[in-house]
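In the two complexes that follow, chain A is the common piece, with chain B as its partner first and chain C second.
Here is the complex of A and B:
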């Protein structure tokens, strides 16, 4: 029996309402337990902060569009790829790191779980091969549904039961985790060179609106009782004035109650909300509507959000929102990749430089932080950068620094070329809120774990949970006055224990961990209609046979399967 | 001025990655310290002193430091890369990336250089007495930010992809060049004194190209607009003036579109 005792740290674990209590964390065989024997290996965490392993609810870390980004941006690796070190593999890249660098960097930050936020179902084998190739962290992937021919055809006729049977089949076939929506209807419209910029824009040919797709998929999700809610990238991303579309979309969830056995309370997770909180009607009068959006989120408990903070870096945007990437390319004239994924979705990739000398970028940066500071319930508001769209995930420690320190925010604000214009267009300058370590733990651990329906595995340090424990070089009673120390501490965990195994010591990788792939198996009644429809579409429309579609088991060799009884 | 003298004593089996051969790195170091600088041969770590005898002295700053390499560096990459001042002279050939990302100072190679000479250069001067392979003064693979300033002069001929994504500075090829000149350029000047085969100025937005010899195949995106007299590098000549690439986007200045200029010597 492998036993480990992390002694005397300041434990910050909102799942147990522990706010810096000095306590020991006992681990046996990968699980947190009440106590261990006297032979347990001891880690001295005296004077240091101890948190559950981080949970990232939304990042693009594996799959064809990530790889397209790597292929089209060799310059992303230039001078950012340290030579191989003793215990680990070569690491490459910055905004689109190699699989190894992805696993290592998350581990160094003390993260245990990452959700790949957009899996094109047809390419799910590729997604899983990359997940398998990414060491240490547990991962899951959300297949995209909101531009899928089956879904649009069923929902047009309001056939929730059929949609549910199809969703259940696809989750199993792709080893997916839940229902992702990206620009509902808009990506399908892109096949005609069009887009859906409001929730009432009809999708060409399908005679259905984004609003109907969103409402239908919420019903489907709760019908099945999936662990996660629908996870939506709304229409009109990145467009000045889009906050109205955002509020319209959020309102679709009004009055809907969560139905699941996983302790999840929300019915809609609205992702990278920063990109959806824009006012003005052009880039000239572009301004923040963070307050309006967050006021709504604050008063509606059945909604969760993640921030999608702009980090002011050179990065690579990638999304299943094909029309948006085309639009972005016409703004910056850099490289553009675009693809159509048969009956399911599309995607685009464009490099982007969030330049401190550009007014719009400064305003975007401020909006992300305003949202994080306006949130009344940090356990429903999660830290992300929509990696790599608004910035690389390796900047989470920097986002944490900005949220925890007004001094750090002001220093960055001062460094912007159009500082006074950014101050005029946002409220950030006037906000003196500083997030506490407890709130940061809610925003990066407890909150996202609960929203994913995974609070029985991740996001806490209570007995029975997976033993993912991060120790940071922060003294709760003597927090650093220099905010840079906060960023440094969260960038390089002193210790990180993943599933009971020490994988990081002093910020360096010591072990390749015991990586798992998490996916959902939803059991539904046999549905002959849907079975026939699937066979029919594979015969008539897909370019491959149905036998070659599902992800083979050997591509996800360490599965952690969540069983859902959709028949009940 | 102080000079560090290096003499190659061993030919690497693979290729040596010598980011350290730069006045900026050598300045203020003794020959012994310099000989201990890390160089990579594939994944193997070596010391510079394993491959070169190092003597002489360095200046306090890069500006006061000259480096003289007496011998063949055909398997030595990155000579003078990122340097900001001082000088490097190679009495022989050099491999890839001579003067890559260079900001100032001067480099003189008395033999030939391989590809990527003056890659993404920002300032300073590079003089190559022999020929250059491909990618003279171009952007790093994938990057859209090419050469911004400085001068590269190749006394012989050069291969393909010269001045790709160029934004500023001057490239002079005394003899011939193969294909792809100033592709995607948004500034800068390329002078080819000999002949070019084809693909001159493809997707060029701004900038100038001079060809003293012939272009075997012109790109269809260039349009002839007249004949001009120009004084270039001290020579007055009559050129046929083409603008392009008409298939590319072009910025406007005072309501008029700005094009790339291709000047082909009138026969």
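Here is the complex of A and C:
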């Protein structure tokens, strides 16, 4: 029996309302327990902060578009890859790190779980192959649904039950976790080179609107009672003035109540909200509408958001929002990869430099932080960078620094070439809020775990939870005056215990851990029509046999399957 | 009763058909019949049960003959050859599964080898163009369901990808292309009158080596500028006509092959083909795709991109990181400069495909072939290790030419005691760890295997 005791740390665990209480965390066989025996291995955390393992609700870390980015960008490796740790695999890349580096870097930051944010169903074996090769961290993946032929056909006829049967089948076939929407209808339009820029733009041929797709999938999600809500990347991403579309989309969730047995309260998770909080009508008068968007979110408890903070790095944008990547490419004229996926979705990849010398980039940076600071309920507002779109996940510690320190924000603001124009277009300069460690833990642990319906596994240190514990070199009674120390502490955990196994010590990997793949199996009544429709489309329109579509079990050798009774 | 296995993947060309039906004998050992396969694909299945199939490794003797040896000995020989070399090269992978490719990645990292795949002598120039210009592409189902203008440039699927045109590009009736071939305009650009050219609605017989000029002419016309009366041997009127076809297409698909990558201009031809695709997207919807040769030659590009960040020419000899610089770390260049002191040929035939001077240099040092079949490389090898045939005797993930992963099943049991590529390289890896007295690294989901036992799936 492997026992571990993490002693005397300042425990910051919002799931138990612990705000720096000095306490011991006892671990037995990968699980947190009340207490352990006297011969348990002891980790002395005296004077250090102890938090649950981090939970990332939205990052692009595995799958075809991430790999298209890696393949197409050798320059992302050159002079940007650290030397491998002895006895560990090589670590290559910066904005789109190799799978090994992805696992190692998340572990070094004390993260236990990462959600791959967009899985094209046809490519799901690829996603799982990469997840398989990503060490240490637990992962799940969200298949994309909002431009899928089945979904659009059923929802056009308002057939929620059929949509649900299809969703349940696809989740099992792809070993997926929940319902992701990316530019509803717009990506389907992109198959003809078009787009849907508002929620009332009809999708070519399908004669359904994005609003109808969003509303239908919310109903489907709650009909099934899935652990996570719909997870939406809205229409009109990255366009000046798009905050109106954002508010229109958020309003679709009004009045809908969550139906699930997983302690989830929201019915819509609106992702990388930074890209959707833009005012102005051109890049010339581009400005922040963070306040307008966050005011709405603050007053509607059935919505959660993640930030998608711009980190001012050279990075690689990638999204199933195919038309957006094409548009972005027309702005920066760098290389452009695209993949339209039959019957299901599309994706694009374009490198992007968030340059401190460009006004718009500075404003984008400020908007991400404003949203994080305006949030009244940090447990519904999660820290992400939409990795790698607004910046790589390895910058989370930097985002935490900015949110925790006005001094750090001002220093970065000062370093922008168009500092005064950024100040004019945003409120950031006037905001003196500084997030506490407790709030950071809500935004990176407890909150996202709950929104994913996984608070019974991750995001807390209560007995019975998975033993994911990070120890950071921060003294709660004597917090550093230099904000750089905060970034440093969160970049490299002193200790990280993943499922009861010490995997990081002094910021270095010490073990490959016990990685798991998490997915949802939703049980629904047998639905002959949907079965027939699936067979029919595979016969006529897909170029792959239906028998070769479901992901083999051995591609995800360490499964953690969440059973949902969709018939109940 | 013989058993009919359906939706079987075909381990031959990059079209990676997965609709084959294979009739297997009662005892699951013999292939009686294949259906839906092209003549080459069919042959691969029947070849598996050829009585002359090798079942043991063969080691070259001092007198030049081959002697059959045990797998243990072959594994030990390979492990030591890799360890003794300063710059070993492990090359091939057109015809194996991603599980095997991944296992080789682990071996190469441990041994400090250079990893390269057949793209190096094939679509390598396409990679160079993609590094510079990106890759606006789609899956083959999009072509089937939507494409109404199909361009085959420097490729001849009627011979190289026999079922490509019937499954994806010309004949199939898709959702928005319900009249099949009648719905499509097929344009072939090739200096030869190939069988694909004969099938096309329009054949542009481009002057050999002048592909770049013709691409450039199309771009010029689409941007509204004038072109000379004749470009690359094609009359202006014809160029204008084809440009108009593309502009008015609802979905334009450009397939390109070795006729672009291995003629004057090489990567620049592909680069401008991608630029043409980008330009076309200002007028309509357009996509481009490389006609990848083997059923899983896209596989190593994918696996190594996620493991090492590079699709080919991956030099791991530095020990701390991967390095890619085609020209410096590419197989042919390394071999021509005589930098390689151990060569492992996996699932391909470098003996047939490499220039003779490169092969001569490689032959000075240990030369090992891992392949189910006898080929030119196996016959000049110091050691030939037979393995199971992926897609016939061994399941696995493969990537089709459009990078769609397909889970190939197996239809019969392989010869007893013959390992898969994955098992073989895992055992070589464990042997290397034993020899260097280091702990094996299994990132995930796999228990260490002692070199002396075979893993049973």
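The rule we apply is simple: the second predicted complex is superposed on the first by the 568 of 568 C-alpha atoms of A that agree within 3 Å, B and C clash if a C-alpha of one lies under 4 Å from a C-alpha of the other, contacts with A are read in each partner's own complex, and residues count from 1 in each chain.
In this text, a contact is a pair of C-beta atoms (placed from the backbone, for glycine too) under 8 Å apart; a residue touches a chain by one contact, two chains touch by 3 or more.
Note that the structure is a prediction, hence the values are computed from the model and not measured.
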First, second, both or neither for A:343, with chain B first and chain C second: second
Partner chain(s) touched by A:193 [first = chain B, second = chain C, both, neither]: second
Contacts of A:56 with chain B and chain C, given as first, second, both or neither: neither
Partner, of chain C and chain B, that touches more residues belonging to chain A: C
Touching partner for A:74 - first (chain B), second (chain C), both, neither: both
Which of chain B and chain C A:541 touches, first, second, both or neither: second
Which of chain B and chain C A:88 touches, first, second, both or neither: second
First, second, both or neither for A:335, with chain B first and chain C second: both
Contact residues of chain A, present in both the chain B and the chain C interface: 72-74, 76, 83-84, 334-335
Residues on chain A engaged by chain B in the complex (per definition of touch): 72-76, 78, 83-84, 333-335
List of chain C residues in touch with chain A within their complex: 6-7, 9, 18-19, 98, 102, 109, 127, 130-142, 144-146, 167-168, 174-175, 250-251, 278, 281, 284-285, 287, 301-303, 305-311, 316, 319-322, 324, 395, 397, 399, 402-409, 438-439, 441-446
Of chain B, residues touching chain A in the complex: 40, 43, 140-144, 249
Contact set on chain A toward chain C in their complex: 62, 64, 66-68, 70-74, 76-77, 81-84, 87-93, 98-100, 103, 122-123, 125-126, 129-130, 132-135, 191-193, 326, 329, 334-343, 346, 349-350, 512, 515, 540-548, 551-552, 555, 557-558
